[in-house]
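Read from first to last, the chains carry the letters A, B, C and D; within each, the first residue is number 1.
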Amino acid sequence: MSHSTRKERLYITIFGTHTPAGKAFDITLILTILASIIVLMLGSVSPISQKWGQLFYLMEWGFTLIFTLEYLLRLYCSPKPAAYARSFYGIVDFLAILPTYLVFLFPAAHYLMVIRLLRVMRIFRILKLVRYLQDSNLLLRSLLQSSRKILIFFTTVAVLVTVFGSLMFVIEGPEHGFTSIPYSIYWAIVTLTTVGYGDLVPQTDLGKTLASFTMLMGYSIIAVPTGIITAEIGHQSQLHRTLVKCMNCSRPGHETDAVFCKHCGSELAHPDDRIVSAPATK
Amino acid sequence: MSHSTRKERLYITIFGTHTPAGKAFDITLILTILASIIVLMLGSVSPISQKWGQLFYLMEWGFTLIFTLEYLLRLYCSPKPAAYARSFYGIVDFLAILPTYLVFLFPAAHYLMVIRLLRVMRIFRILKLVRYLQDSNLLLRSLLQSSRKILIFFTTVAVLVTVFGSLMFVIEGPEHGFTSIPYSIYWAIVTLTTVGYGDLVPQTDLGKTLASFTMLMGYSIIAVPTGIITAEIGHQSQLHRTLVKCMNCSRPGHETDAVFCKHCGSELAHPDDRIVSAPATK
Amino acid sequence: MSHSTRKERLYITIFGTHTPAGKAFDITLILTILASIIVLMLGSVSPISQKWGQLFYLMEWGFTLIFTLEYLLRLYCSPKPAAYARSFYGIVDFLAILPTYLVFLFPAAHYLMVIRLLRVMRIFRILKLVRYLQDSNLLLRSLLQSSRKILIFFTTVAVLVTVFGSLMFVIEGPEHGFTSIPYSIYWAIVTLTTVGYGDLVPQTDLGKTLASFTMLMGYSIIAVPTGIITAEIGHQSQLHRTLVKCMNCSRPGHETDAVFCKHCGSELAHPDDRIVSAPATK
Amino acid sequence: MSHSTRKERLYITIFGTHTPAGKAFDITLILTILASIIVLMLGSVSPISQKWGQLFYLMEWGFTLIFTLEYLLRLYCSPKPAAYARSFYGIVDFLAILPTYLVFLFPAAHYLMVIRLLRVMRIFRILKLVRYLQDSNLLLRSLLQSSRKILIFFTTVAVLVTVFGSLMFVIEGPEHGFTSIPYSIYWAIVTLTTVGYGDLVPQTDLGKTLASFTMLMGYSIIAVPTGIITAEIGHQSQLHRTLVKCMNCSRPGHETDAVFCKHCGSELAHPDDRIVSAPATK
């Protein structure tokens, strides 16, 4: 039983965030991840890697061993190790340590090292630490609710850049740098999204007219995704506010960060408890 | 009568989307369209077309024959062939097959081939397949409702770029690349829409000051179309929600994707039925 | 008295928009303005002006005489000629004809010719013609109501570009093209507004870091003016809807383009009449 | 007592804004600040500083002495000099005069001169002068309320640019200019924020495909901060309107700039008094 208790305590520390030990573990882990990412980035800068390459190599092994230990601990203390291993974070955790071993075994697979940068995704775990969960959920829910509208928008953009790009290919042609339709579509994307690298610009008057039209189009249709998401965030915020009910007088409409009921003054449920019973079922 | 039934069945399969056969037909068609577009694009890339040109030519004829067959079938089974032929999609369908035959007859009309890219517009038919119709209608209605405000915005933008472009022509002049007023207006559009190619930049101090002003203007007035469309989408979403009434207790205000009435629990009308009776009359 | 009637009729034709003669006059005028602007623009393109310069010169005199006649007619038939002459459009009308005469008298004042492009502002008169007045008023009122917030935003942007520009001047210095603080501020504006010409880019690592920060700042603070104007347009639209009352049952809340009361079915006041009694007093 | 009264009067003049003397003081101060900033900027332009350098040097000393006098006066008349000295504006005021003295003592510390540009932040004091306080508070409160959502957004952007930048480093590599991961991340920021300098562009087809994806991503996720802030500004405006109650009939819902109650016609509290009792406690 003592064994079981230790495993459970370990589980709460590693996967949980509420206990002091859990918080300390999470903060240590995040700092280690950040450190490993910084080492990884600096290692790609030639002058630095020539000087400190040996040190970086050792540090990388240190980080890999730490993350391997952490991965094994997670597998060990998780009540359902297989489910963890197949979960999103389980895969990210595994991919974060795999490349170092692979490249050690097959030095030719050198380019796999970049996969380690997936560690950066583990930083999202930071959001568990603080009270960001609710806001994060609200944003995610808004994006999911409007995903169909956004897909329609992207289909329209895809058709627009195909049409504009092809027209530009006909108008300007290979002699002005528009060497193929796919490349002309690349130009249309650069222009419509208002990025405007300037590595490929129209030379003819007709091409400039069409480019002007593309720019004005891109300048104005950005209003559509913005409108979609704004309307949804506004709606979700309102929904959420409606859902925060006082447990004493059961009147709704409290702000997300309200602590006391504005009608009867009794304390409201803890924000993290509210979210559980709320529109997560949608 | 057996003939009539076959024709009707064909009509439901080709124009409809609800039957399994109709769905299979639509999916096959969309995949064929996408394949034909990819072949078309690759055919414009010199190294690829030199190697696979012969194959692409054959495939193009294959696609054209398939689309011709489809077009004839649509004409045959449509209850009003003339109306179909003159409809938006009827014209797109026709223009998608025309160029291949034209270029076969008149090889000089080579540049017409790009018209085939109009096939990309047939992809919008994909929206019929899934439940995207409602969201698509909501976006379209929002744009239509705000079309007058958007036209006012574009008139203002047209006046602004004319004024800024002309001033820049006077300030910088042909010696700094601003060779004419239309070209200076092109610069003003590139700058106001925040595209910023950098192929034409002001050289004088006064020119840079005016350019800064143009940029800040463009940076802030983008808020106007965004505001217009956001307000309209928000309003339309709300309107729509109000219109989704429960048929049992007739209370409105249900979410677009709600299946059961939130007041009495009885099932709501199917989303595709709701839209028909709704603000489409506006 | 016949004279007075003729003058009044002329006034209604020239300044009014509701009579058929008034509409015809406005449309003719707008087409003439557009033609004169096109001639003006084409005249600035060297190859074209060398070929057609003589014709353009004659046409320009034709347009100037037409606009002069129009200006004199407006002065003649206006009940308060002095008020007209000092009004915004009165000044624009005068400036639209002045340069041609001035340059005729003093050929050295050649650069004044560009003032004629102010004619483009007369196009706003087109908005009187159609039902755009209401929407135009709504947009203008939204901008006016949020002008204080927008001024705060621009003050913040001005401080930000000064701070970022100066820091960049210290970091990069004249050896990397950042020759002076004003020029570095120009770079900060190009970057913050996401225009990104690329004529001046940071070379040092520290400079690139600061540039990245400036870009992310610009990328996100654009949300502020958008938020301000969106909230205001939403509020104004709602206000406006509240103000459109049925004269029969006096219930408010009708859509801007509604013709009949949605509660009792009686006809609503004409849109152009509604606006007069509405929040124009604010 | 006369001394105390003089000190108090001085305090009201220097720190206050409501008395005529206080307004005159503030306006003089702001004009002096603007003048000193313009001198500072012009002094960095080589041709100008070579000609007027001597004059600028003298003027700079003049401004420094004026600001020093002002700083000492503020310290003298403030009821809590230590609190003022440690306040945000106290530090800004001190840093605005420090560099001139420092550089006089240690000419080598020449680059510190740029700190004087912090004077530009003192311009925010201008907002006290006019009725901008309320709007300024509303904007600030909206930003604070949505700061958690904005932090989530920036974390996501940080992860995105790391992932896109690293992928690009692997795809393009040093031979196409992507010399290191940090530099590739700089490219990702330039692209995602739609700045698009064009100093570093992808050369390979795969690189261009990934760049297109990055651009479309950046083009659409800008909708998220806009949506967050718009929803918050809309909510705050509404809250504020609800809080402006009539003191006579105590009905809420008045516009921010309303002077009289729209229900009973009695005068509303002065805007600056309203703000004090309002959601500043949140």
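What we mean here is this: a residue touches a chain if its C-beta (ideal position, glycine included) is under 8 Å from a C-beta of that chain, and two chains touch if they have at least 3 such contacts.
On a predicted model such as this, the values are computed, not experimentally measured, just so you know.
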Type of chain C:chain D copy interface by residue overlap (half), same or different: different
Remotest chain, chain A as reference, centres from CA atoms: C
Angle, in degrees to the nearest 5, of the Cα rotation that carries chain A onto chain D: 90
Distance between chain centroids, defined by C-alpha means - chain A, chain B (Å): 29
Averaged-CA centre spacing for the pair chain C and chain A, given as whole angstrom: 41
Chain C residues counted as touching two or more neighbouring chains: 153, 182-183, 185, 194-198, 218, 222, 226, 228, 230, 234
Interfacial residue positions of chain A with respect to chain B in the complex: 145, 148-149, 151-153, 155, 158-159, 162-163, 166-167, 169-170, 174, 179-183, 185, 191, 194-198, 201, 205, 208, 211-212, 215-216, 218-220, 222-224, 226-228, 230-231, 234-235
Residues of chain D that touch chain C when the two form their complex: 37, 40-42, 44-46, 111, 114, 117-118, 120-121, 123-124, 126-127, 131-132, 135-136, 138-139, 142-143, 150, 153-154, 157, 182-183, 185-186, 189-190, 192-199, 218, 222, 225-226, 228-230, 232-234, 237, 255, 257
In the complex with chain C, residue positions of chain A that touch it: 194-198, 226, 230
